[in-house]
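Chain naming follows the written order as A, B, C and D, and within any one chain the residues start at number 1.
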Amino acid sequence: MKIGFVGLGAMGHAMAERLLKGGHTLIVYNRTRSKADDLIDQGAVFVETPADVARQAEVTFSMLFDDASTEEATFGKDGVATGLSQNAIHVCCSTLSLAQARRLRDGHAERGQTYVSATVLGRPPAAAAGELFVITGGAEEAVKHLRPLLECFGTQIFDAGRDPVQANLVKLSLNFMIYSTIEQMAEVFALNEKAGTDPRKIFEIMTNSFYTAPVHKNYGKLMVEHEYDHPGAPPVTLGLKDMKMFLEAGGDYDVPLPYASVVRDRLLSAISAGDADRDFVVLMERARQDSGLK
Amino acid sequence: MKIGFVGLGAMGHAMAERLLKGGHTLIVYNRTRSKADDLIDQGAVFVETPADVARQAEVTFSMLFDDASTEEATFGKDGVATGLSQNAIHVCCSTLSLAQARRLRDGHAERGQTYVSATVLGRPPAAAAGELFVITGGAEEAVKHLRPLLECFGTQIFDAGRDPVQANLVKLSLNFMIYSTIEQMAEVFALNEKAGTDPRKIFEIMTNSFYTAPVHKNYGKLMVEHEYDHPGAPPVTLGLKDMKMFLEAGGDYDVPLPYASVVRDRLLSAISAGDADRDFVVLMERARQDSGLK
Amino acid sequence: MKIGFVGLGAMGHAMAERLLKGGHTLIVYNRTRSKADDLIDQGAVFVETPADVARQAEVTFSMLFDDASTEEATFGKDGVATGLSQNAIHVCCSTLSLAQARRLRDGHAERGQTYVSATVLGRPPAAAAGELFVITGGAEEAVKHLRPLLECFGTQIFDAGRDPVQANLVKLSLNFMIYSTIEQMAEVFALNEKAGTDPRKIFEIMTNSFYTAPVHKNYGKLMVEHEYDHPGAPPVTLGLKDMKMFLEAGGDYDVPLPYASVVRDRLLSAISAGDADRDFVVLMERARQDSGLK
Amino acid sequence: MKIGFVGLGAMGHAMAERLLKGGHTLIVYNRTRSKADDLIDQGAVFVETPADVARQAEVTFSMLFDDASTEEATFGKDGVATGLSQNAIHVCCSTLSLAQARRLRDGHAERGQTYVSATVLGRPPAAAAGELFVITGGAEEAVKHLRPLLECFGTQIFDAGRDPVQANLVKLSLNFMIYSTIEQMAEVFALNEKAGTDPRKIFEIMTNSFYTAPVHKNYGKLMVEHEYDHPGAPPVTLGLKDMKMFLEAGGDYDVPLPYASVVRDRLLSAISAGDADRDFVVLMERARQDSGLK
C-alpha cells in the first residue's frame, strides 16, 4: 500500500522503517531532511510538505512531538489536511492533550476526511522490534482497514472505541500509571532506606513477588541504582508535560485525581531542584530529600 | 523437627498443615480448639497454652490477627516467652505495627531468647499450595536454620536483614503497594469511564501491556467487575489497619508518605459510606462517587 | 481627568460610577449598551468601541470577565491598544491568568504604550462604597499618577512591584486563600459535626478567638448555614477558574502547591455532584459527603 | 473557694496564679516543687501528691504536658481520682488525644466523680493576663458552677457540649487551623517569592485586607521574618503531636482530612531536615525548599 509518514523523530523513524520493511511504499516528510536519508536509501520517497505526503498516500501517519507541531503539520499551511483525499486516512500516533485530540477529530470531520487516533506505548527500540502496544480510536471500518499496517510495528492492537479521543485518554492514563508507580515505589524505597534496608533488597523482593510488571522492573531498577542520566533518558520535563495533559483531562470530565496532583508536585519540585533534564525516575530524590536522606 | 504453631486461623492453619505434611512433628495451640481437629487427625498434638507449645518445640511459629493477640500469646501469662528455651526459636509471621515488632524483638532479647520475624505475602490458598512469599528478619544463623521449615509453605524466602523489625516494615510496605495500586487504577478507571470507555477495556489494555503484575490483574479484575462482596474478601477495615501501621512507620522514621495519606482518606470515606466490611477494592467507588458516576 | 472605562459588569459598573462621582469625565464602552444607561444619565459618554474610549481618555480602565474578553478588548480589532496614545495609560483590573497578564504587559510594551495592572479585592457592594483593596503592578511613576483615581473605589492601595504581572499573581494568591480557608473550615466542621458538635458552635468559637478575619466570618457563616444559593453567589465554576490559574502560576514558577490541588479536586467533585452554579462554599458538602454526613 | 491545681508548667503556673489573685485558696502540686515557690510565697499550699490536692479542694484543675502525664496524675497511684470526693470536680485543661479524653470521662464516671474538660487557647502570657479562650465540655450544672473560676484566666468561655470529649476535639481542631493556615501562607509566600515579590509585601497586603486574624498576623510575621528560633518557640515536635492527635480523631469518626495529612507530611519533613526543635512556622522552609528557594 502507499503509506505516508510525517515526523521522523526516534519513534517515528522506527515506525516508518517497520512499514517500509513490511513491503509498503513509503512517502515521508520531516522538517530535518537528513533524518530521512537511510529510509530513502531503502526506497522511501521524500517530499517537501505534509500535504504532498497526504496527496500521494492512501494512509498518512503522523508522529510529532506535541500539540503545536501536530496542529501545524495537520491543519497548517501545506498540512496533511490540505492534501488528504476523501478515501484516504490520517492516522495520528502522537501523545496529545485531549483538546488537541478533539481539534484533530473535529477538523478532519469538518473537511469530510477520515481520521483515526492510534497512540502507542513503548520506546523506539520496541518500535524497531515491532513490539509496540497500539491503542486505536475511530470509525470501526477505518480501524479494521488499518490493522495490518499497525501490526507492522505493534505486537498488540487495542481498540479503545469509536471516538478517536478515547485512544488519546487511554495513552495519557497509561503514562500516568508509570509516574504514579514511580512515586509509589519512591515512598517505599525512602522509608525502608531510612529504616536501614537497602532499596535494592526491596526492589528484589517486590519484583519477585506481586510487583513483577515491566513498570516495576524497568523503572524500579533505575531508581534503586540512581541511574538518572543515561543516554536517551526521558526527562522530568516530559513527565510534567504528560501529567499536565492528564490533569487537564481530569478537568475536562470533572474527575478529581489526587495521585496525579502529588506526582505533578514532585515533578515541579524536581525541576526546582535542577533535575529538569534527568530521567524522570529522579523524582525518587524528592522522596529521599523529604526524608532527610543524603 | 519438633515444630510448634500458635494461631490456627485460615492462614496459620494452612501454614501449620504444610509443616505437618513436610514430615515434622507438630504441637499446636489455638484459642478455639476445634480449628485444630483435622490437624490432630493428621498427628498434630494439641496443648493447653502457647507456653506449653514453646516448652516442647525446637521452633515455635505464631500467626495471630494483630498486635494485641500477638503480645498476649507471646509475653502474656502462659505466653510463648514463658516456655521458650534458650536453644529454641520463636518465629512470628503476623503483620504487626513496628511498635509491636520492636516489643517482640526487645522482649525476647531481654530474656536471652532467639526471635525471628518471618512475614508472609499471599492468601490462605497460596499457603496451602506452599506458594507464599516469606520475608525474614533476624540473626543470620537462626534465619539459615529456619530456611527448610519456611520452604514448607514459601516458594521464595527473602532475607530483609538482621533486625527482625525490617521484615515487618517490608511487609507493611508491600501491603501499601496493593492499596496504592488500587487507588491508581481507580483514578484511571473513573476518568475513562466518564469519558465513555468501559473500565474493562482499560483493564484489558493495562494488563496486556506494561501493567501485568498480579497486583494489577487480581485487584483490577475485582474492580472493573465491581466484585466487592465475594466470600473471604479482605475488608476495608483490614486495609485501614494496614495503612494506619504503615503511616505510623512513616512517623517513626520521619518519612512523609503522601500517597499513603490519600489511601487512608479513601478507606475512611469508604467506611463512612457503609462499605467497612466489603472487599477493600471497593475504594474504587470513592473515585467513582467523586466523579459523579452512579 | 478624562477617564475611560471598558467593561460595565456589576464590578466594572460600580468602579466606573465611583470615578464619575469623583468628579472625573467618563467615557465608557460595554458590549451591552443598556448597562451604561444610568451612567450616561449621570453624564458619562458612551462610545462605540474600546479604541474610541482609549482615543479620548488620559487613563483607560478595563474590567472584563476573563482572559479571552480582555485580550479581545485590548488587542482585538478596535481594542484599547488601537486607540491608546503614547502619554495615556491602560489600567487593567481583571483577574487574569499570568499568561494573559504577560501578553498585556508585553503587547503594550511592543507598542510603546504605558500599562498598569491594578487588581482588586472585594465584591461589587464594596466597590460601590469605595472599599475595595487595590493591588498595583507597573512603572513607579504611572502607579503614583494613578493613585488618586484608584482611591475613588479603593480604601487601600498596595504596590506589588514594577512588573504588572506581580499584581496579578498577588490577586490569584489572595483568592486561593479564600478557597483554602473554606476547605480548612470544612474539614473542621465535618469532623466536629460527626462528633456531635453543631458547626455553628464551632463557627462561634473560631470567629471569637483566633479566626476573626473576614475570610473566616463571611464564608464560615455561609457554610454553617448551608447558604449555597443566595442571589449573586460566586459559583463553583468561578472558583475552579481561579484555582486553575493559580495552579498554572505554580507551574510557571515550578512551585508545588499541595493545598491548591486539594481545593481543585474538591471543586471538580462539586461540579460532578451537580453544584456547579452554587456558591463555592458548597465544597463544604464534599467534606460532609466523604464523612457520610447527610 | 478551695481550689486545687496539679501541674505548674509555664501555662499551669500562670493559670494557678490567676486563681490565687482571684482570691481563692490554692492547694498545688507539681513534680518539681521549686516551680511552686513563688505561689507558696503568695499563700498557696504545696502538698505531696495529686490525691492530696483533690482531698482538700472543691475543684481540682490539672494542666499537664500530655496523655501519659495526665493519665498518671489522674488515675495513677496517688492520682487525683484517689482523693476526689463526690461533691468535688476535676477540671482537666490539657490538650489530649480523644482516646485519653475518653479515659478521663469514663474513669471518673465509673468512680461516680464529676469531671469537666476545659481546654484553653492561648500562650502563657495570655494566661497571665487573663486572656485565654476556654472551651468547656461536661455536665451543664458543673460547667455553670465553674464559670467564675474559669473567668479568672479566660476572657471568653465557650460551651462545646455535654460530653467532655467535645471540648478536646474543638481544641485539636483550632490547633489544626493554626498549622493549616501556616501551610496556606507558606505556599503563597513561596510562589510570590519565586515570582520576585517579597513575602513581607504579601504579608502586608494579606493582613491589611481579608486576612486580618491573629492566626495570620502572629504566625505570618514570624514566617516572613524567618524567626524560627526565638525563646519559647513552640517546636515542630509539638505541632506533630497535635496533628497526630487530630488525624487520629479523624480516624475515630471516619472523617478524611486531606489538609491535615499535608501538614503532617510537612512536619515530618521538617524533622528530617533537622528543624525538630525550631518554631513550627519553620515548615515555611519546606515550601521554599520544594520551590528551589535557598
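General remarks:
One rule holds in what follows: a residue touches a chain if its C-beta (ideal position, glycine included) is under 8 Å from a C-beta of that chain, and two chains touch if they have at least 3 such contacts.
Remember, it's a predicted structure, so these values are computed and weren't measured experimentally.
Distances between chain centres, each the mean of the C-alpha atoms, put C farthest from chain B.
Taking the mean of the C-alpha atoms as each chain's centre, chain A and chain C sit 39 Å apart. Distance from the chain B centre to the chain C centre is 54 Å, each centre being the mean of its Cα atoms. Within chain A, the positions touching two or more other chains are listed as 250, 254-258, 262, 265, 268-269, 271-272, 290-292. Taken as a contact graph, with one node per protein chain and an edge wherever two chains touch, the assembly is complete, since every chain touches every other chain.
Against chain A, the residues of chain D that register as touching in their complex are 258, 265, 268-269, 271-274, 286, 289-292. On the side of chain C, the complex with chain D involves touching residues 121, 133, 135, 156, 158, 160-161, 163, 165-166, 169-170, 173-174, 176-178, 180-181, 183-185, 187-188, 190-192, 194-197, 201-202, 204-206, 208-216, 249-250, 253-260, 262, 287, 290-292. Residues 240, 244, 250-251, 254-258, 261-262, 264-266, 268-269, 271-272 of chain C are the ones touching chain A in the complex.
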